[in-house]
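Each of the next two complexes has chain A plus one other chain: chain B in the first, chain C in the second.
Showing the complex of A and B:
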């Protein structure tokens, strides 16, 4: 039991997603097409206003391709495991899961980390390489920055998981995950910085957007990659992501314990 | 009974045109019936419908919010002002929304091939295309059309266009032909899924990706990309060329002015190709056998 079990579950999540080869190739293709379209629109924007949002053109282009590379990994628009968990809640199969001598939340987290690792390799690397071939990207020179980026991406995936876990748990009350999933999809699309870097959001909207958990999914890892956070700034960035991860995971456990009591009351 | 079928077939076969037309009528009729069924089912949960329609509206609305945020920093993008881009955006969004409403369910074909439920559709005496297109008809997609029309209306209201009768005709012509071109992409993409069931996402590159591309003026993109979406996957005819005609602006690639009137022809050619691809896909289909 313990870490070994969760490592096996994570490896299972990795392997499971690795079986969908054609779907993965199709995803890479789509990420690349969107990368090209956005890269040209950003070029037009930065041509008008160099240094917009604190980025030069090559940094802005790098941001575009990071967005496409992390889209699947950080499940910015949802997906990954919620549908399955919602279905188990709806059918009552989750009662069996609760009997198992494993922690429900950590079980799904381990599986999702495995999925994210696969998608970072399969759907992240290729679009990034193609983007780097076609556009002048600002790639980090030092291995330390790459390492910090990986840590930041991992923290982002945990925040993303914790958010999606809460969305899935809402099925205990709503019986149908569609509404909550749609709200989460909208928030992820807009507040992760996928459409436009959050540093370009004006005034209070910008401040709020940068403080919300979704900024941990793309904006923070991208800024780490671009070397915007160094020294104490880097520690602060990790603390921001780690803080949201912890708070949302705890919220998930709280909601789960309330929901679990509900299942028992219903008689499983 | 068998004799009657034989006789009616003997009557139909010599007149191929008549057979084609009757199949078309039959297909549209079946499409209407299946859609009506899904509408009744949707309206059983009105609150859920209202929420998902609003979600559909909001999800596409964020695209335009991103453009508004861009224009908080600049006055022009690729030499185009916000109302001009609104016109491009609204035209593409509305055309895509119409195609998505009518044929958006086509991208579920791969799933049906995989789980074997396509077989059920094959044994019914109704054109398969009509059944797949009408399957799970989603009225919530009106949200996208509404959003597109609002942005289009904003562009038309704010812009100072030197209207001529031809330019007035161009607007509905553009929306309907554009919807037909996107519709052909949906059918062609579904045909592709007969060969690669898991490749539904490739289709998104041309539908959602194409729609995103067309929201921005052609001056923004590299020449080769503009050539590709003009001559290979002719998305430029959805809104770029007709809108530039209405705006009286220069066309990309030095194309002559009359190409703005080609969208109906392009849509016809696209449907010819998509139809052929669909028939080829359907012919090659081998059931998974479960």
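Showing the complex of A and C:
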């Protein structure tokens, strides 16, 4: 099918989001404000309970700012391609997409990776820098850890994409993606560890939360950043993310082929 | 029309949708809707054919089957020898599609980016791509628009942009679904002129659905009329008048107000309207007006008269109405 096509699609995804400068600026501002609010809350919490969840204060603060930096990148609360896809399904425009010689899932994945790359640069770097200026963050010293972090973020974006793709495809049956999107939003908010690190969740809830795919979005990349995974631990972390990515992408393909057959036979 | 091997061939093509209607809390009723009910036609390479019919007649369903995004429920369908629904991707490289109300362009990016995408999507050789783009830009007047984000284009500009996008990979056949819908007069003229040239110079086969019969009158020598999923007419545009039993109108100005004109010798003539001294008489389009005028002049105090040709819209409206009544 040619990687060049998907490279153009990814570049397009990057540039599309780059055109909305005011929205980007507003996003950076929001991430920074929430970063400060959460950072002060965490400071109070860790003063009471040092080493909570296995993090010291500076690690906990780093976790906060990583969360804000990756919020848009990994689309933890939605806000990627899915609204557009749901709209195309609802209006029937998706039929137009089908006659083009492209793979639907790869097409949207490429676009979403482009979006994520833009948002990592635009909405990730600035809040992280501001956070690092205002608080004593635990930044990795070795370039290897930074590299591992980037790999982990990329895998997290793919997992996030695969989840949102499944949610968006539900519009083929539900005709209104709002309900499914709402559930996905809450799950993303809670199980990605955006509000509280999943290592703080007690007992079985913690076990389950850490095994769910959403933990690949923030918890795993953050722990890679903080150097919690090294050696085989790092391989395991990547395998966890990659496994979920693969399983969910395959599930998406399956649902896509059922949905496509439905459109092709039933006209949507 | 069913002679030789056409470029587009349909034989008894059907499309049946199953519609489920909820009748109770858990109960639902299944009903079959025959959107396309046994259609057959051939289109030769290089033909330009109008495909018309009222809303819900089955036009778009036919186009969707021709592109392969809908599988027929029955019958045989071939485009360039390919079964569209089985080899959708292979066929995609040889066809271009423009849906008037749906865009394939990237909404938030300049037009140019969407063309770059088409370039890669259809793997068009670089030189060929440049040449085609230049040609489209020139003929569709897109030069000033290439760097404008699509969302800022007017409907007419966007439509021209979409038509160009559908042609950059040199498709052998172009399906246009309502290409002039919502466009102003100038944009319509531009689009029509472009399509005429495309067909004449490149020999691109064009199948056009539209509500605007001027499109057909100006572009297509052949027209197919579909209603309730069946082909009602397939032939020259001029022939529609005979099939539709169309009538011409004689507008007569008399010296004074008189009861409706009645001519014993011309039973097929009806007076359809009287307004003071002016009367409107309908007579078969196939007949001659001369004997009729002579009779009226002989029997009534005639001051002035004029003959009005039937317009195609009225013909087709009548055709739909008679099908409805059947």
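Throughout what follows, the second predicted complex is superposed on the first by the 265 of 268 C-alpha atoms of A that agree within 3 Å, B and C clash if a C-alpha of one lies under 4 Å from a C-alpha of the other, contacts with A are read in each partner's own complex, and residues count from 1 in each chain.
By definition in this document, contacts are C-beta pairs under 8 Å (C-beta built on N, C-alpha and C of every residue); 3 or more make two chains touch, one makes a residue touch a chain.
Treat the numbers as computed from the prediction; the structure is a model and nothing was measured.
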Check your understanding: Residues of chain A touched: more by chain B or chain C?
Key -> B
Review point. Should A:236 be classified as contacting the first partner (chain B), the second (chain C), both, or neither?
Key: neither
Practice item. Go through the superposed model and pick first if A:16 touches only chain B, second if only chain C, both, or neither. Key: second
Exercise for review: Examine A:95 and indicate which partner it touches, taking first as chain B and second as chain C; both and neither are also allowed.
Suggested key: second
Practice item. Scan A:8 for contacts with chain B and chain C and give back first, second, both or neither. Key: second
Study note, to complete from the structure: Interface residues of chain A shared by chain B and chain C, listed 20
Exercise for review: Could you pull out which chain A residues touch chain C in their complex?
Suggested key: 2, 4-5, 7-9, 12, 15-16, 19-20, 91-93, 95-96, 98-102, 263-267
**Study point:** For the chain A and chain B complex, residues of the former touching the latter
**Key:** 20-23, 25-27, 29-30, 33-34, 36-38, 40-41, 43-45, 48-49, 52, 176, 178-179, 182-183, 185-186, 189-190, 195-196, 200-202
Study note, to complete from the structure: Within their complex, chain B touches chain A through residues 48, 51-52, 55, 58-59, 62-63, 65-66, 69-70, 72-78, 196-202, 204-205, 209, 212-213, 216, 219-222, 225
Exercise for review: Using the touch definition up top, name the residues of chain C that touch chain A in the complex.
Suggested key: 15, 17-18, 35, 61, 64, 67-71, 85, 88-89, 92-93, 95, 97, 99, 102, 104, 106, 108-109, 113, 116-117, 119-123, 149
